[in-house]
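Input: one structure, supplied below.
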Amino acid sequence: MEKLIMYIPILLLISSVTTGLLSKRLSNVHAGIISSSLVFVSLILSLFICFNIFSEESNILYDDFYQWISIDSLSIGMGFLIDKLSAMMTVVVLLISFLVHVYSIGYMRDEKDFKRFFSYIGLFTFSMILLVISNNLIQLFIGWEGVGLVSYLLIGFFYKKESAIKANLKAFLINRIGDMFFIIGIIMVFTLLDSFDYKTIFLNLEAFDIDKLDYIYGFSYLDIACFFLFIGAMAKSAQIPLHVWLPDSMEGPTPISALIHAATMVTAGIFMVARLSPIYNFADVTTDFILIIGALTALFIGVIAIFENDIKKVIAYSTISQLGYMVAALGINAYTVSFFHLYTHAFFKALLFLCAGSVIMSLHHKQDITKMGGLREKLPITFYCFLIGTLCIIGFPFTSGFFSKDLILEVMLYENTNISFFAYSLLLLGALVTTVYSLRLIFIVFYGNYRGGDLNKIHEESYVILTPLIILSFLSLVSGFAIKIFVDLPIFMFGIKDIHYEGLIPFITHGILSPASVTLIIGFLIAKYLYLDNKKISLLSSKFLVMISNFIKTKYKFDEFFLSCSDLMKSISYHAATKFDIKIIDSFVVNGLPRRINRLSSFFRSISSGYLYHYAFLIVFSLVVIFGIILARVL
Amino acid sequence: MINNILSLLIWLPIIAGLFILFYKKDDKILNIFNISINLIVFILSILLLNNYDQNSSNFQFVENIDWIPSLNIYYFLGVDAISVLLIFLNTIIFLLVSLYNSTLNLKKRNQYYSSFLLANGLTIGVFSALDAILFYIFFEALLIPMFLIIGIWGGVNRIYASIKFFVYTFLGSILLLIAFLYINSSISSFSVLSFYDTSFSIVEQEWLFIAMAIAFAIKIPMFPFHTWLPDAHVEAPTSGSVVLAAILLKVGAYGFIRYVLPVVPLGASSLDIFFIILSLIAIVYVGLVAITQDDMKKLIAYSSISHMGFVTLGFFLIFKLFDNTNTNSDIVVSLSGSMYQIISHGFVSAALFICVGSIYDRYKTKKISDLSGLLNQMPVYSWFFVFFALANCGLPGTSSFVGELLIILASFKTSFIYAFLASSTLIISAVYSLWLVKRVIYGELKAGLENSIDANFLEKTILFVLALIILILGIYPDYLMSYMNMTLQNITNNIIIKI
Amino acid sequence: MDIISILFYLVTSVVILSSIALIAVNNTVHAALLLVLIFFNTAILWLMMNAEFLAIVLVLVYVGAVLVLFLFVIMLLDIQVQKTVSKKLYLIFSVVISIIMFAELYMVIFYHDFENTVVENLSQDTSNTYEIGLLLFTEHIFSFEVTAFILLVAIIAAIAINMSDRERALRQDPAKQILETKKSRLKIIKDNEI
Amino acid sequence: MITMTHYLVFSALLFCISVAGIFINRKNILLLLMSIELMLLSVNTNFIIFSHYSNDITGQVFVFFILAVAAAESAIGLAIIVSLFRARNSLEINLINKLKG
């Protein structure tokens, strides 16, 4: 069993390396098939492992592949820790990765750099698996940075496009800000609990006397450590204010948006917090912070999506918003609930992206939804898949989104504190917003009349592209019924938070009767009224609302803020380089000293004039002086 | 042979270097001769690496011959693990440089090769000398070939740069010599081993520390003494830059760990706060300075200074660590981090300079603003460039991450502020490395940059070897760590005993 | 005041005055002749101190050979006598310096109080030349030989210095003379070319 | 009565005058050489004075050597002056400052 786990990353690495290094020897299709099949094999392996884990209660697989570093007491290994959490995550990652692999064979077939693409996503899957199965914080960080790297490479996949290379730099740097805090957080945890290894950390934590914790400015040491760790997660999972990279990352190829920027990589932050949940249990202040950040993100970033016209960016904003739900759930220590949403979201968001990709491909790489419309008849399969995805995201009863989102809202309500109620109301509003923008998208793109020219040229893509869509639609529809597994999911060694769950049927009935359904209906009506029937409401053109919507359209100026930060950095750098380094240190001190010496020597030079009588005079003069001195002593 | 392997390593390239001066006819024969000498030296260093017993903390392969016994000067050689690793780094870099040199068009090829061979031998001498005067002689003589390489084969402003380089480093070494002579005057020995047994008063130690630390700080270079490095790098030919960054800077760091910390630990510990601050300034401030450089070589030079800041930070944290914990395990972690950073930086900066040098060879420009979209024209080069740039910003999985991680870890144990500033390099190094990549590698190909060929087989081999080493060091660092462990334990004990 | 004193003051005043004149004149020939006068008078002083041999040597070698050499050189070189006034500053400085120097020497002389030194004319019977010769060829024979060698070196050096640049020396080169043609020596310049 | 002091003062005076001669003279290097001869003369006189009054003939032997060496010196000096004049066509001292740093 342990051996099998080792094969998963190895297979993925082989897939990445062969497609990358042998790119000249392989044809496109062969490269695609090879890497897809390697991912498929690892998927089978992971499924096997997952079933094994679930068949035996609380079975944890834990071992080191090899010792990464060992210096005295400090020892870091490269290894794996497979419990139910990571086993399921592995399956999700590999499943979506496999589907995206297959999809990409069709989607990327005309690309010159087809094999480079496959090499990247192979590397991505490898890093992600490394992150998921890791048994210590350093390996987690390595995978964490690894997925960031691949995201960087893939956003800049079309390296000739200025916007793409700007976006990838931005993505990497913002992630790096998070990583900086993340590594400090890791080190803080290490300093307190003396290990990087999860098992040892949690054992030490259990033995740790919480009363002995240091308090700094009223915050406990663990609070601060968790806060720093969470900043890392904020960058990776695109929470306010570090979310700005995710909409821009849509410059990458669409399958990547599905795999990396929707289903897997961005959920790494959620996964990390879930993984370290025993520590977060002790960080009360930080979890409140997490809750607020998540709720704010869920609502306010969702609002931006209503005004966005780029099909991919709308879905990107919805991703951020959904991540906000997950983060909010983390904020009330409901890790399993959050993870459940992560799991359902992975399927329907990947589905949405892949459908969007299919639409974009059919329209020859047009992404502006104002140029689309009425595609329902021409792209029937894509339409139905997209519809399923949308139903999931708005939480239509019996779809997967319904279960996971409702569970979050239920738990939130059940928590019953002031702050959670505040978050609950934000999330509920968020649900309304989600319904509006999701339906808006579907109404504008698939209903009405086509606004982009000749409709007849448009046709469905090949089955390589459609098959993954269908599989994902199926998964999106049914995955919600696994709710029982998640509710009972133990996160690592600690017991779970008690989640109020009475069974499937009561849950469904309760969910349908909950306020979320009301938001669903209201949202549907609004969207239908505004976007399907294209009615104008005079209220919307009132000055106040226009002002608000204009403000929302600026995306709350977060981009401008980061731009001015980078400008500040550049100008500091420029001034430091020219004013301080060159002028003061180099010119004044370093070259100034020789200049002084030069001046001194030129004075001495002027004394030695070359005239004989000057020399003679000096000789005689000094003779007289010396003689005088001797004389004065003797006499 | 194995007993005299150090002498062989030192003198073989030096003699070959002098010999090659008299032959200038056929370039091909010169190339083959040069490469084969470097290859032999490299193989010898592998033998050294293999035969070194890493479980012993003593100096090994010791050779001790009378030289000027009346002045207590001996021809005293010997290595411990850090010397062995640095010698290995040295020989492999020189081998790659000799391969790279054979692809160039050069004037006075035999003299060029001769300078490099001399530098090779002398650096090995620096790393293996156990007699302070012998060390000093190698240390100073090393300046000569470097001075010639910059001064003869350099760029437009080469005379200024080479003289600045020479005077600057020479100034520092005078202080070093004075310190050695002072120590000798009280113990009448120049042997490092007897240096370790000295016990000076704290005032004496402070003065000795200042004298020696300035010499080595200039060589590393630390923050206020760093301005010679960008100039020297900009003017030096590519191979010169590689040697400068990969080898010469390490000599300073080696000096710290061999001659400063264990000999005058009290002096060092009473003044360490200054050096910690200077290191942090080097990391943050010099990193910031690197961002807006328009000359690629200058940018990499500044990033080198910034990375070497980590090395010195790791060195000088140890006293605070010891104060906090009273155990030596944290000190070993910190020193391991520094040593790892030294070795890793040797490879990464060498690789980056080779990349930049090749761009310069093709386009005759190093200005970032003159370049754009090289990925379209020479993909192989560009991917290597991207890889090395990523390695430069400390990506996990590459060797630079390991050292930085350990040093940040150690710095956190002394102070949160240190750790915070040190870890800001994650952002700063990413900004300058990747912004460089964005402007030079990505984007549309700039007009006028067509018609250049991609890397040839030899260049690909060189870059591939470097990339492979960087990856292996990043993925499996434990080999080196355990290799160095006994030696670093020993050095740590030497330091702690005297505090 | 005895005759010796009168002679002494006469001779010394001539020497001092002419040496002052020597450093003041511009004409080199005059200077050389003044030097002759100085040497003669100093020889008289030396005679007064019973140093007959050296006095004669001074006259013979210095006046007869060295100063004649000076005169030869002066005539050979044809030096224009330029009348330029020396800067006052130099004059003042030099006078002041020499006065200070003299004062110092004077102090030394009077400090030692040489008045008490008594002359004992023990060597009246043997001649001064004999005694010098005795000493020179016994005790100082090696120095004597070295002096001879120095003189030889001086001769060779004097020749070598002036032989050094051959370019300037006028010498016949028959081969070149034969090769010269009319064209190479003569160039006809026409009116319009001027 | 003429004592040793008289002679010594005379000799000192001669020496000082010749020293002044070296500085004052800036036109002609020959006069410089003559000043040096004068200086040597005063030195020789001093030797003879002491030799006479201390009744030791060795001083005069020294004078003999000095005379010989001075002759050699003036011969070489003159030779140098001749070649100098050939090269520069002048003997002015203030034109000779090749030693200027």
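Observations on the model:
First chain written, first letter: the chains are A, B, C and D, and each begins at residue 1.
In this text, a contact is a pair of C-beta atoms (placed from the backbone, for glycine too) under 8 Å apart; a residue touches a chain by one contact, two chains touch by 3 or more.
Computed from a predicted model, the values in this text were never measured in an experiment.
Farthest chain from chain A, judged by C-alpha centroids: C. Centroids of chain B and chain C (each the mean of its C-alpha atoms) stand 69 Å apart.
Centroid to centroid, with C-alpha atoms defining each point, chain A and chain C lie 101 Å apart. Averaged C-alpha coordinates put the centre of chain B at 65 Å from the centre of chain D. Between chain C and chain D the centroid-to-centroid distance comes to 7 Å (mean Cα coordinates, whole Å). The residues of chain A that reach two or more other chains are 613, 617, 620, listed in rising order.
The set of chain B residues touching two or more other chains is empty. Counting only residues that touch two or more partner chains, chain D has 19, 22-23, 25-26.
Here, these are the chain pairs in contact: A-B, A-C, A-D, C-D. Chain B contributes residues 164, 167-168, 224, 226-228, 285, 288-293, 329, 332-333, 336, 373, 375-376, 390, 393, 395-397, 401-402, 405-406, 408-409, 412-413, 419-420, 423-424, 426-427, 430-431, 434-435, 438, 441-444, 476-478, 481-482, 485 to its touches with chain A in the complex.
Per the touch definition, chain A reaches chain C in the complex via residues 613, 617, 620-621, 623-624, 627-628, 631, 634-635. Contacts from chain C toward chain A in the complex involve residues 90, 93-94, 97, 100-101, 104, 107-108, 111.
Remark: chain C residues 2, 4-5, 8, 12, 15-16, 19-20, 22-24, 26, 28, 31-32, 35, 38-39, 42, 45-46, 48-51, 53-54, 57-58, 61-62, 65-66, 69-70, 73-74, 76-77, 79, 82, 84, 86, 90-91, 93-95, 97-99, 101-102, 105-106, 109-110, 114-115, 117, 119-120, 122-123, 128, 131-132, 135-136, 140, 143-144, 147, 150-151, 153-155, 157-159, 161-162, 164-165, 168 touch chain D in the complex. Across the interface of their complex, chain A is touched by residues 19, 22-23, 25-26, 32, 93-94, 96-101 of chain D.
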